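Note that chain A is present in both complexes that follow, paired respectively with chain B and with chain C.
Moving on to the complex of A and B:
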């Protein structure tokens, strides 16, 4: 049984054309699945539907074969490209970091988050520093089984990128999580993924079924 | 054409009531860009690269303290010269489509205040040069793709008669094809005789169009190198940070480097990279290395040969 399974998903924004229909996708335990495709095709919307930000119009997302519970921390967490848009600018870093529970101390250390960041405001951290906070926040609830990284490191320099990915991959493997990595960066996907998907195939396969 | 010498920028900040302290963000930056040259400034977020663009354009906030000299065409680029050149000879290509007027068709937008048939013809020829179809002139910004929007922004600079263009992070989040197109438009400008300063965190993209690359770390230029020197394992590069940046690319080993970039204030009297450097020697913690010429480029390192 797949860790996360989406079957027959369809989504559109109020009254507009379908962004995708009959889309099926699964992520197994310990897998790193790469997803690439043209801009504006609906990859980010799919990520939001999988992570429970939006409800699918048709179809269902299941975890370990069961529907995702409505309450509590969502087991599918999403990290976005722009961390400054994913945090409350009027909260201090400590509150943002603890939003989903207390993160693992070893993870905090591996991400290079230091005590003196915690008292600052989001605008006082660089993009790379703030992204570390968002990653720690996403991984902190014990219920998290799948992490979706939507262009998570596209704004970051190569050294920050490789450092963050090494930490995330090690942590995900340790916890037997599944990862879905959405990116335009072919080289990055080739480097870190255990399986690759192209958006067009995903949609075409789904239609054929 | 553009020469930056010993540029330092700091921000005055009030800490706990009325105590004021200066937070340095750029330290002793030396750079020059010739006509027809495209210089890429690469560095991580927080290295001060956007502030460099703002310093040149005179767009720093009120509490910024600026030292050093920026000159353009041999003249000091001060407030009065900036007022004459900015938006005309000197142009900033901003990050994206949100800087276009959403209610104005692209062709009209690129025209600016120019009118008449001759001006329209100029728009057509510039659009063609940057690979924009005739239909693009009639499109509204929301109909343009990210790549097209950037090309319209570059065209606007070209039509305004820009001789020097600064582009600040023109490509993030774009698919590779559009990003390549937007950068190619900048290359075209340089080939037409413009000086271009391209500011980006994406070294791979920058290398496709740049003549030279300046690497920024913790507010300092640590190396300037020819674009072609970023190749293979990076062994001809001069600074260990440039090499680490190159080797961290997914295609080049994806190597990690422990530690984080310090703030310029923490490393005022030592090499800013010493704490993370694989080849650091004793002198590196004892004094700040100057930017010195080395093998046709420049490096800020005590050890590099």
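Moving on to the complex of A and C:
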């Protein structure tokens, strides 16, 4: 049985045309699935639906074959492209980091988060630094089984990017998590993914059915 | 480090920062001055006691003099003492009424934004209802139903002044509700109440404070207006509205001081709260606000 399975998903924003319909997708334990596709096609919306930010109009997302409960920490966590939007600008970093529970100390260290960041405001960290906080926060609940990285490192330089991915991949493997990586960066996907998906194919095979 | 940033940032940023802190300074100075004036008013009204307000018939209808700077009324009561007492009473009524109004606005705005379409529609309809009539008309009706007096005025002002602030709060809350960090908080396992109190309310606090400050002068003016037409406070309470209403009888006898000084004092008080509210709005507007 797949770790995370979405069957027959359909979503649209308030009475507009369908962004996607009959979309099916699964992520296995320990798998790194890459997803690429043209801008504005609905990849990010799919990520938000999978992570429970938005409810699908039709279809369902299941974890280990069971529906995901509405309350409590969501087992599918999402890290977005813009970390500054994913944190409350009026909170200090320490509070943001602890919002989902206390993150693993080893992970904090591996991500290079230092003590002196914790007393600052989000606007006093760089995008890359803030993104590390978001990653640590998303991985902190014990219930997390799948991490979705939506253009997670798109704004970072190549060296920082590869360092960050190395840490995340190692941690995901250690916890036997599934990973869904959404990116435009073909090279990145080729290097880290165990399986690749193209948005057009996902949607086309849905249309063909 | 900071000076360098400004220097590198160039003239535009430096000028914007200067204007910003100037607005903030003006607001803080205004708030301190108003607080000092209010403190003095409170102390004065405590110090006055009953002596100055006692009927003193030989000294009635006296124009302003050094002994009675605001003159005396037809019962020989000192108008300065009455004005201060009246302002103090109006202030307390205004405070209670606008606090209640702000609380209603916060509850209504948040419920409309967070409790689904039906709640939104009902609250929107109620807001339209209260906005479609002039405040004074609704206020008169409510004060009449409540039988006049202190309670009637406070309930009336609170019930008539919430809609516009509630709309603002609703719009802000709708925007916040769909913010990424609110979604993230929910999916990290936080409850709705937790998010409301930790994420939404702190963000809305500046709007609520501004709304409260801008509601305050309205509350005082409406209290005065409704008392003036005789539906508010009983005549034995020295509210500004009562004083002004009584002074009308003596205006054509040339006793201008009965209306002028209390009226000016009311105007000054209302205007300073209004200015403070406007300054707060400029400083705390969501676009400019920062941690």
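By definition in this document, the second predicted complex is superposed on the first by the 209 of 209 C-alpha atoms of A that agree within 3 Å, B and C clash if a C-alpha of one lies under 4 Å from a C-alpha of the other, contacts with A are read in each partner's own complex, and residues count from 1 in each chain.
Just so we're on the same page, a contact is a pair of C-beta atoms (placed from the backbone, for glycine too) under 8 Å apart; a residue touches a chain by one contact, two chains touch by 3 or more.
Just so it is clear, the structure is predicted and the values come from calculations on it, not from any experiment.
In the superposed model, A:39 lies in contact with chain B only, and not with chain C. With both structures placed on the common chain, the touch criterion links A:112 to chain B but leaves chain C unconnected. When the two structures are aligned on the shared chain, A:186 is found in touch with chain B, with no touch to chain C. In the superposition on chain A, A:129 contacts chain B only, with no contact to chain C. In the superposition on chain A, A:73 makes contact with chain C only, while chain B stays out of contact range. Legend: residue contacts after superposition of the two complexes on their common chain; A:31 is shown touching neither chain B nor chain C. No residue of chain A lies at the contact with chain B in one complex and also at the contact with chain C in the other. Residues 42-46, 145-146, 172-176, 178, 201, 203, 244-246, 248-251, 254-260 of chain B are the ones touching chain A in the complex. Those residues of chain A that touch chain B in the shared complex are 38-39, 81, 112, 126-129, 151, 154-163, 165-166, 184-188, 190-192. Partner chain C is touched in their complex by these residues of chain A: 48, 51-53, 71-74, 77-78, 80, 82, 85-90, 99-101, 121, 123, 137-138, 140-141, 143.
Chain C contributes residues 179-181, 183-191, 199, 202-203, 290-291 to its touches with chain A in the complex.
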